[in-house]
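Okay, so here's the structure we're looking at.
Letters A, B, C and D name the chains as they come in the text, with residue numbers starting at 1 for each one.
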């Protein structure tokens, strides 16, 4: 992924000073009791494995049996439904593709909340609408459980290497308990505030990232057409007020930097379709809160058009290629 | 100004290694011979003073007699027209508000090119359309003179303290000769390429700056409405992929940083009206070169609307205030 | 309102030829049996009165007792909850401000579906997300009832004079039964297709209306600044390919037309805040269906900004005033 | 072309009542004296032929000899330069691709104004920046000649059949004299005001046309995805406030209308590249006059991107195809 927090290994340390150590819940004491895990996809599967590696018994489930099989082979106990997970674990992580899946897994007929035990800690690492996170928290509270949102930054690679970053929203007293598990799966965790603020932080970052990337692509393209050498232009921008992550760390113009998707025909990285999804969430929250986001909206539309013009699976920095004149036209 | 190159005092040093020292023109040897200066406004006047301070005799002119008077009092020789300046100096700087002024001063009936001596070095520090810079260079070449564009980054304060940065376009062989004068007036100079690329670099930087600033304002506003603390959100963005100069150095949200216009009711800084002017230049060059700049275009329109809603003279970071809900609505 | 279907009194007639008369439900025979009505606001109240005027007994409810009182005084039976309405009527209309209200009124603890009788016809005239309409239809079907969406075009005036237009989505076989009631409250009804298409038609029309209005405002403003007389420009556009409803029927420039909000300081008409709401629905449906709407999105953002700059309650054609240079700037 | 004034054959008649007949210049009396013509391209050639057909001797020139040859064969006198045309004719028409060509033909070393006779009537039918029209008028006036701008609506077909529409700017007293010639080449002429307003009217119309077309394409696409039948949706829009020329006369969705480019794979009509050019002019005049045109700007960018994605030579209504999801994605 266009690594949010990339290269910031010490963040956890720095953030820890903000953490309130006064309250340490009994759950966080009860290390190594079983941890539930719902959603064993590309991201969830390596995350669950890291819990196993850290010595936690894992009770897992997924709608696809083959996903479960793989985890079962390395020691997880597989059960049939989120409700069953809730019967057997008092700390549960969920990692799902979108809001409707989260709603189903928590409040559906075989959902977690049907069988959840009082005092259970529920941590959702899906990237979804913060309003849904808040709804789930209210529903969990009615059952005496605690819900936190903890979306991640970092892709499949970071998930495998336990280098994810978690942005966490929820009751502050529970943050330590959550952190105990999250640090098995990630390098950093940031406490953002009340339920939903983890999602908010992720959505906000990715919106600004999208705007900066398109802006960088437009600017580099314009400069090149005006006769500037791309490397020189990037250098000038990066020592100036035009500087941004997309210009200095993830430049979208082939030949300017090495080790980034633009150096590799926009393979790998953070897909345009995923960026379009995140911008859709940003748009929804902005509409709900009556917040004007003119550039964010237009960025959303641009990535949406790109998805239908053959760029869906390329890295989102391919917007440079999209805006540049085609060969042979 | 939203200081392009702010805090990069050593840039000149770093850039010097790129400079070709093999050719040193006779002009650059002839230090301390008179230097012409046309355009003694808010920026031009302190620049001309810095030439005087460095021991250069200055032959100056301006359409406003009072501007000339002040410079005359401290030792400059004032003449009646750009043509007369050209008769008396073989190195001439111009600092004018916009393209039409530059055209008039160079090619008008009393313009520099009417009387320019062969071999004269002409340096224009106005911010104008690069196409006009190229036209002036062609016209100068016909008269045997050399024209370079060298727009500045940095405002009146930087001009007074000789801390401007120059982005220079023109024949490379003349760059050293230009640099000799520019370093009396600024801290940095960057050679950008052929004539017009100095303008191009400035325009590109400011376009990306504008996009980053509006993007930051939208994002901070959205995050705040979603329940995030503004300082925390800025911190998260700045250690993440949303990071940009507007988020980490010039944050537009009051209370997040000190010493920036947002901490001072958007006084000082870089006026919205100036940003709208630079975006107009970006738009013009993009239209001329058939380059799509969707976010740059929309940024231009937003600052244009702001100019008509009472923000013309506020710092351009006041876009945060513009987008945020009004009190009492 | 920016009357959708304004001046098209004969539409019903023309549309009728598309109607399938083969199936006439027993409900539509059972005229003058009680009709339920939930939501007695500015729009719902005159609509319910028109049902009474047409001889239908009305069983009504609303969260505000005073709204009920007025209707009770002219003959309606007032009950305590939507559930009670459902016990007493097998044809029910709902007219509510937004999606959450509709969800509550149909599926809440005292909602219609708690007590609905098999075969009941449910008609929702609220303007909401078509996805919510589809959800309500599914929920209704589970109870053996039929749900149709029938949002209106036309404002409070049209509601009072029974001149509304209804865009209707739902099972075609039930359209006649719905039409019997709708024609008591409106002049026109258009059958649009399956459930949700009534909402879709309304949202689509209003999105294009918003784009045309802003486009007209920009164009008129630009033409005036280029020296054209506004009336002459409107005349040229209206006989040319620039023609649209906003230029020829509802021109936003004061002095060009009479009898429109621009002739009356943008009082009356269709409020900016209502247009922003409808564009939010358009944005949501576009995001859900992954449809790019670049101009629709930007139009949404512009009306959203206007809401926060003092234009919330002015007619949406005041975008002309918003874009035009302020006096005294 | 997306025929501005299409189907309005009686416009001239209607407009004539606004014409001041009091002044009839001596030139307009002197019918059938030679008429000069500069620019014999796709549009200019049939226009010049129509002058010949109407009995006017034509003195013509063009930079391409082959263009001249064709006209010579049917009776025109061909000369070597615009200056020579000016020596031999006191009424001259010009039809050129863009602003720089107009500047060259009028003010270049062999330009019209080098040899123009006092009292000559100069009519420029090129579509260019109104500011250039005004410059040419000032330059002509210095030589005692009169310049009018008269850009056309209608394409090559309309030019051949003398069905163009002219939008005319310039001194009103000369309008009758201009009209005498214009009516040989077109069906309609509209007097718009001072010099440059003909251009302004054309640019304004085409900007609103572009906005309406993209808006219609977005709206139709959204409606279709929401389950509406395209013909039904078009019908609803066209009887409602969403109605515009692009929805009711030139609908961009294949299958909705016959006889329009969308019915013929977007062949013929008004090319995307020409629309992008006109929007570039709109953008330039808006920037020069500091007029915000948010939707016009974005429309410009969209057609600009389309030009680089293979749509340059398709009719501009192909924006529907551009925005719609690709097959096989």
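Following the convention adopted for this analysis, contacts are C-beta pairs under 8 Å (C-beta built on N, C-alpha and C of every residue); 3 or more make two chains touch, one makes a residue touch a chain.
Because the structure is a prediction, the values reported are computed rather than measured.
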{"item": "Interface with more contacting C-beta pairs, comparing A-C to A-D", "value": "A-C"}
{"item": "Chain located farthest away, centre of chain C as origin (C-alpha)", "value": "B"}
{"item": "Centroid spacing, where centroids are CA-atom means, of chain A and chain C in whole angstrom", "value": "39"}
{"item": "Cα-centroid distance, chain A relative to chain D, in whole angstrom", "value": "53"}
{"item": "Of all residues in chain A, the ones touching two or more other chains", "value": "290-294, 298, 302, 305, 307-308, 323, 325"}
{"item": "Of all residues in chain B, those that touch chain D in their complex", "value": "276, 280, 283-284, 287, 290-294, 297-298, 300-302, 304-305, 307-308"}
{"item": "Of all residues in chain A, those that touch chain B in their complex", "value": "2-6, 8, 11, 130, 153, 167, 190, 192-194, 196-197, 200-201, 203-209, 211-212, 214-216, 218-223, 225-229, 232-233, 236-237, 239-247, 249-250, 282, 285-286, 289-296, 298-299, 302, 323, 325"}
{"item": "In the complex with chain C, residue positions of chain B that touch it", "value": "298, 305, 307-310, 312, 322-326, 329"}
